[in-house]
Every structure is written in C-alpha cells, then in structure tokens.
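Each of the two complexes below includes chain A, the first together with chain B, the second together with chain C.
Coming up: the complex of A and B.
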C-alpha cells in the first residue's frame, strides 16, 4: 500500500494505491483518525489505484466515517476502484459512504 | 562305590546319610548345615574332635568352616602344602593315621597352641566325580583306640554324600540367583514397554505397534507431536539381542524424543543421534533407524534412513519402497559428519509403512521368509481397517503365518486430510505480511482451476478474511502456521485452511448484524457472503482448526 496526503482547495486528500490488507490497514486507520482528531473540514479518500482492500481496510474507512459524522467533517470516497466497490457491496456499505466519481467532483461537494 | 563287607557298614549308617542329605536339602544356611553334619559324623564315629575344611576358590587355600570338640579352629587357613588334610585332598582318598606322632605330615602347631593331644586321625576328602570341595578330619577315637578301615570307608561315604549335597546346594543358590535375574529382566522388559508411545487416538495420522518375541526388545518406535502441528516419528532396531541391545535402544529412543523437538528435520536428528552414540563406546553394536516428520496439513513426509529396511509408500498404484538412505548409526562418526540424506514424500492420500526386519523375516509354514511382498499382501488384506486395528490385525496374522523369532515393530503414517489430494498445498507463517503471498498463490491456483476473474477476486477476499481470523483470533497475534489447500471437485472449488492454535469456539463466530455500522466483525460476513459453504471440520492432526470453504464454479 502506498499512501500520500495532500491539501487541495481547503480539503485533505488521502491518496491510496496498491493493496490495503491487514499488514497496512493500521497505517491507514492511524492517518485517518489523526485527520479526524484535527477536525479537518473535508477529507477525500482517493481509491482509484487501490487493487485490493479487505475488511480491516474497510473497518478503517468505517471508523473514519463514524468520527466524521460526529465532527461534522465531510468524508468522501472518490474514484472507487472495482475491487473496492465489490467489497463495499458485499459489506452492504456502498450506500453508506458518500462517494464521488472523481477527486475533483468530491472537492466540489 | 562301596563293596563287600564295607557295604554292610555303610548300609548300617545309611540313616545318617539320609539325615544329612535332608539337612542340606531343607537348609538355607550352608554353614549351619555343615556344622550340624559334622557333629552327627563325629558322634557316629566316636571322634573327640572334628574339623571340616572347604577349598576357597579365590585363594586356593583350605579354610575351616566347622569344628567340633575342645578346640575351636573355625577360620583356620591351610595354604597348599603338606599336612594330613592337604594330603587327603591331593590324593583324593581317605587318610588313616593311627598315631600322629609317627606321621611326617602331621603339624603339631594346633596341639602346641591349644594343649590338645592328637593321637589318631581319620581324614576323608569331600569330592564328587573329581570335583574337590574340601575334607572332613576326625581326631582321636573315643575310648583310646585308633580309627579303623571301616571307619575310613564310612567317613569316605559320608564326606562324598556331603560333597554332593554341597554341590546341589550351590547349584540351587546359583539357580535362585538366576531366577532373581530373570525377574529383573522381566521388570526391565515391562519398563521398556511402558516407554513406548501410548496408543494414539483413532484418526491420528501416525500409529505404531511393537510385539516383543521374548524378554527385552531391541526394537523401538516413537511418535513425538511438535509444537507447530507436525508429527515426528521414528522406528529403529538395535543390532544384537539382550540387555546391551535394549539399553542402547532405550538410549537411542530417548535421544530421538529429545532431539526431534530441537533439530530441524529428520536428517539433522539422525546426525545428532549418531554423534551422541559415537561418544559412548558401542562395542560393535549399531542402530538402524528411520526418522521422519509428517506435516498432517499437507500430507508431506520428510524422511531420513540410517541403514534400516526401506519404508513402503502405499499410493494409488501400489507400493513403492523409499530406497534412499545412509549407513546405520554408531558405525563411524565420519559417515554423518557432512549431514544426512533426506527424502520428501507426498503421501497424496496414501500411507507410509515402516517396519523392522522382524516382520519381513517371519518364517512362513513353508520355511521361506515372509519378505516385503508377503508384508504388502498382509497390509492390503486389512487395508479397509482403521490404522491401529490394521496394525494389530497384521501382527495377529503373523502368528498364523509362521513363527515369531524376532521382535516385530510396525508403523503407519497416513495422509488423513479430507479429500486427500489437493491441487495446491502450502504452509505459511501466520502474519499479516504473508497475506499477500497467500492471495497471489490462491489467485493463480483458482485461475488455473477455471475460476473467472470476478470469482477469483471474491474467493481471494474470503480466504484473506479467514486467514485474518486465524492470525488475530486463533493465534491472537502470536506465532503459528497456516496451511492452505485448494482443490477442485467437479464444479466446486474447495479451500481448506488449517491452523494449529487452540480450537476456536465455533459458536462464538457469527457474522455481524449489518444494520449496525461499525468496524470489525465484517470478515466473517464477507466469507459467508462470498462462499457457498463455510464449515469448521474436525482437524486431522487432532489439534488446531480446519476451516473448509466451498464455492461453486460458474460454468
């Protein structure tokens, strides 16, 4: 898994790539929870280059989603790749997260 | 022995001989019996004093064991040389000395020391068929006269009878000692048998059986479960018979039990045992032995053979001997100095048989040896039975086949995996870092078995989730292994995951309720959503967990 954080138009964009499995999901969870702790107004997770995600990676996204709701942070999953979409479908979470087709559309809100 | 008129004299004293023989037969205390016998003889022949001397084996001296009369000479030691007693023993005939003063061999040192005055002496050898035991010496016929020829013949007969009784008593003592030794041997044999592994539970992949021909055995087998779920086993035979062989066998078996848990692989175990045995002088003895490790999760056996009969693999196409091997253990330290050859055998749903030559060298009624072919026939005859009963049936049938001359030891190592054959089997460290290897191995295998890309993706996710459960919940983050099997049965993709952690409480594993959005608990739901069947099966090795997941492959 590769993870980069960047600021775009007042939003924090977390770009993930590669495989988000049990060996990497703690890193993802820690990064997302720090952003939530800092009460960032907008957090966009770019999932376009994620080839694989498992339940532990999804759990990190769910935990961030729950914090964001409390903090009134806008938390968006952008450009969700097919493998991620499939897992979210199986977990019946595809209707729970706010999702955008691209990072740009996510930033526009 | 005694003829003519003397026979009458001897016969008249027959009662005395019978009494003395009876004394010896009943008595546990030879010395006391000798004293009693001497007193009876002295009384019957009217002697004022008497001494009984026995030859001492170590020193060659004559030593006084019993004495009657006014002087006490027990313990008196006569080195070989002159003297009436030695003359009697040397000539092996009675010596009648009517007046001691005129006999050049008479030593008057005792008289001088005690004040006893020796007048006449009668001395007869205690001997039987040339075996010299000592002599009985009588002093001074009561009433003042000298001993007579008749007295001499009688004493000769009584002394001979005492010698015979003494020989019998000594033989009996020797036999009692032997009997004690036999009891010790029986005890040793019992202890040795108790040291063999206990019977394994039904369904366990390794079983052994030892049938000792008699007494202590030079055969052994061992079954040692390892911490990672694999099972170490060994069978061996010590050259020679008897106590020495059985002690060496006990030592070798103990070394195996200890080293199997420490050394990595059976070749290293055998090399380490060889090195230990070299340090003890074996005096020409040696050990033939096969050591192996079964991974019950993969059906793979690693085997090392030190001079033992080749084990037989029973596969689909019959028996195949595993011929690779090294010389026996304990021959020369150089032989194992550079390691020990190992063979890897995939049981592939079959079984591995190991045995000592006691099995193949059983003589059949025709006189020929049973041989490997005969052994195969017996094994096949009982193939349908569970392993332990099968071994017992084979050994039981040997009694019918022929006579058991040697110990028979027989082991079976079986692939007890459900399904047996697998398209793919691999063992992994149960760590998050190995999950990507598991995913890529499974992706490749599932594609090869005819799954399309979507199905591959789903199945990989389900298996990854199951592995995570093993890492996080079964091993709780500690060290351990995961074994992955993948196979295709008709249109079903069957995946089995095995771990060696304490059994999980299946009832506690539930998919979470999806109405509740929260992290965690999702993995089991994913597995059950993707796979058509998810079941915990009884694990083959009797420890750990076996999870089977089945998915129908779309045509």
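Coming up: the complex of A and C.
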C-alpha cells in the first residue's frame, strides 16, 4: 500500500494505492484517526488506485467515518475503484459512506 | 515449499490415492481448482468427497500422490508453514463447529485474535461486518445453542471468511436447510466469489445448489473422478453413472461374495484405519 496526504482547497486528501490488507491497514487507521483527532474540516480518501482492500482496511474507513460524523468533519470516499466498490457493496457500506465519483467533485461537496 | 505451476491455480491434486486399512478410498484423483472459481465436489454418500476434502485441508496423509494448496505441497510443510497457510484459508464445517461456550461474536473473531495483532476496535468492526454479510447482524451476543440450523451455518461461514481468505472450503453448506435458506447460502457463496475473488471449494450432494453456484463440477463416484467439467457439460454428459446421480437413480453395487463374507465374519482388515494428522 502507498499512502500520500496532501492539502487541496482546504481539504485533506488521502491518496491510497495498491493493496490495503492486514499488513497495511493499521497504518491507514492510524493516519485517518490522527486526521480525525485534529478535527480536519474535510477529509477525502482517493481510492482510485486501490487494487484490493480487505475487511481490516474497510474497518479503518468505518471507524474514521464514525469519528468524522462526531466531529462534523466531511469524510468522503472518492473515485472508488471497482475492487473496493465490490467489497463495500458486499457489506452494503456503499449505502453508508458518502461517496463521490472524483476527487474534484468530492472537494466541491 | 514447491511453487505453484501457475498463479491461477489455487489447488492442485495429482495422482491422489488413499486407503482406510486395506480398503482403497480414493483412486488416482486428479483435480485443479483455478483462482476465483467455485469448484463443487459432488457425489453420493460414500463417494469419497469428504475424504478428498480432508486431504485438501491437510487432515489426512495420502498413501501416494501430491496435494498442493495455494502453491504449497502439503506433505512438505513445516508446522509453522502449515499454520501460515491456514491463515489464508477458511473452512465452514458442515456442523458449524462453533464453540458452544462462546458467543457468536467471539466465535467469529477468534481467528483474528489468534492470528493478528489488530486492535480491538478493528476486530469488533470486522466481526460485525461479517455478521452483516451473512445476514446475522445483531446476533453477536447469542450462543450457538440459541441459533437455528441455518443461522449456525451462516455463523460458521462468517468465521470462515473473517480473515478474508484466498481459499474457502464449505462442507455441505446447505444440508438440512429449507430451500429458501439453502438458496440464500448459495447466493452468499456467489457474492463472496464475485466481491472478494475467493476460490471456493464446496462439497455437497445437493444438485440444485451445485447447478446454481458451480463454475465447474468434480463428480466423484466410488473414490474416482467420474467427470470434471462445467455445469453444462456435466448436465449433457452421456455417462450412465452421472445421469444416475443427476436423476437420483439408485444403482445396486456389485457384490463380491468373498468380501461380503469377510465383512460378515468381522474381518478387521475391512475396518477404517486411516492415517490421521494431529
């Protein structure tokens, strides 16, 4: 898994690439929960280049999303790749997360 | 550790023979399960399908032949390698095999606690995610004795997939369930293949289930692979034994008078005496 954080239009964009599995999901969780602790106003997770995500990676997104709701942080999954979308749909989380087709549309809100 | 001949192969069985005492149970079984496919091992009672499953799980040692799972020769694995391989496979046993003293949630999260260092919050979310996937949301605090047969099967499936395995084994997943519940389990198996790309081996004698979920079918009869092909090819097969199986026609076994007499006289050579791995 490769993860980069950047600032765009006042939002924090977390860009993930590769495979988010058991060996990488703790890193993702830590990074996301730090952003929640800092009470960032907008966090966009760019999932366009994620080839695989397992349940532990999804759990990290769920925990961060729940914290974001408490903090009134806008937390959006953007450009969700097909492999990630299929996993989210399996647990019906596609109906839970805020999702946007592109990072740009996520930033616009 | 022998490498797999191809990344597209999840299981490779070559020339597998096995005996219980002097009785040969499997005869030169050859089988390949491709990555991402649902392979149904089908056969009547006594056909050898459960014995074959036990070999794929590494629970039995073959008399001869090779079983490779996820590229690794089971006979050549150290205990540590065997343990690592088990983290990449999931098994939903016919009876559920849940711990009766533990809640459903604790049963499902057990592999995560045993094999990972994930924090409790993540383990809790993963466990509840799997309960959602198998339509058992809200049942995590119940004990197995408080669930119906279909719910226990689903809980066993949730535990089998909690580590997101590359390879899933299901032993008679719909046996004893009413048709609607059985069909929902079939749907779940199909969704797991499509969403997670799992390779799935299902052992069953349920024809409806087989035809619904199988990418390919391995028909076992008296310990031999009678056919290994697509659903369409199996349906269209002109082999009389396959047609008997598909049409639920009984077939009287040939009688060996000498063997029959030995059985009646309690000849121990005919008693099961397989080699069981610890």
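In this section, the second predicted complex is superposed on the first by the 109 of 109 C-alpha atoms of A that agree within 3 Å, B and C clash if a C-alpha of one lies under 4 Å from a C-alpha of the other, contacts with A are read in each partner's own complex, and residues count from 1 in each chain.
The rule is short, and it goes like this: contacts are C-beta pairs under 8 Å (C-beta built on N, C-alpha and C of every residue); 3 or more make two chains touch, one makes a residue touch a chain.
Only a predicted model underlies this, so the values are computations on that prediction, with no experimental measurement involved.
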Item to complete: Quick one: on chain A, after the overlay, do chain B and chain C clash, or do they fit? Just give me the call.
Response: clash
Worksheet item: Is A:108 touching the first partner chain B, the second partner chain C, both, or neither of them?
Response: neither
Practice prompt. In the overlay, answer first, second, both or neither for which of chain B and chain C A:54 touches.
Written response: both
Item to complete: Look at A:63 in the shared chain and tell me whether it touches chain B only, chain C only, both, or neither; answer first, second, both or neither.
Response: both
Worksheet item: Given the touch rule stated above, what does A:90 touch, chain B (first), chain C (second), both, or neither?
Response: both
Worksheet item: What is the contact status of A:22 with respect to chain B (first) and chain C (second): first, second, both, or neither?
Response: both
Worksheet, complete the sentence: Superposing both complexes on chain A puts chain B into chain C at one of 183-191, 345-353, 363-371 or 399-407, namely 345-353
Discussion item. Just to be sure I follow: which residues of chain A are touched by chain B in one complex and then by chain C in the other one?
Written reply: 21-22, 54-56, 58-60, 62-63, 83, 86-87, 90-92
Discussion item. Touching residues of chain B toward chain A in the complex: what are they?
Written reply: 431-433, 435-436, 439, 454, 457-458, 460-461, 464-465, 468, 471-472, 514, 517-520, 522-523, 525-526, 529-530
Discussion item. Per the contact definition, I'd like the list of chain A residues that touch chain C in the complex.
Written reply: 21-22, 25-26, 29, 54-56, 58-60, 62-63, 83, 86-87, 89-92
Worksheet entry | Touch list for chain A against partner chain B, complex | 19, 21-23, 52, 54-56, 58-60, 62-63, 65-66, 83, 86-87, 90-93, 96
Practice prompt. Could you please specify the touching residues of chain C with respect to chain A in the complex?
Written response: 116-119, 121-122, 125-126, 129-130, 132-133, 162-164, 191-192, 194-197
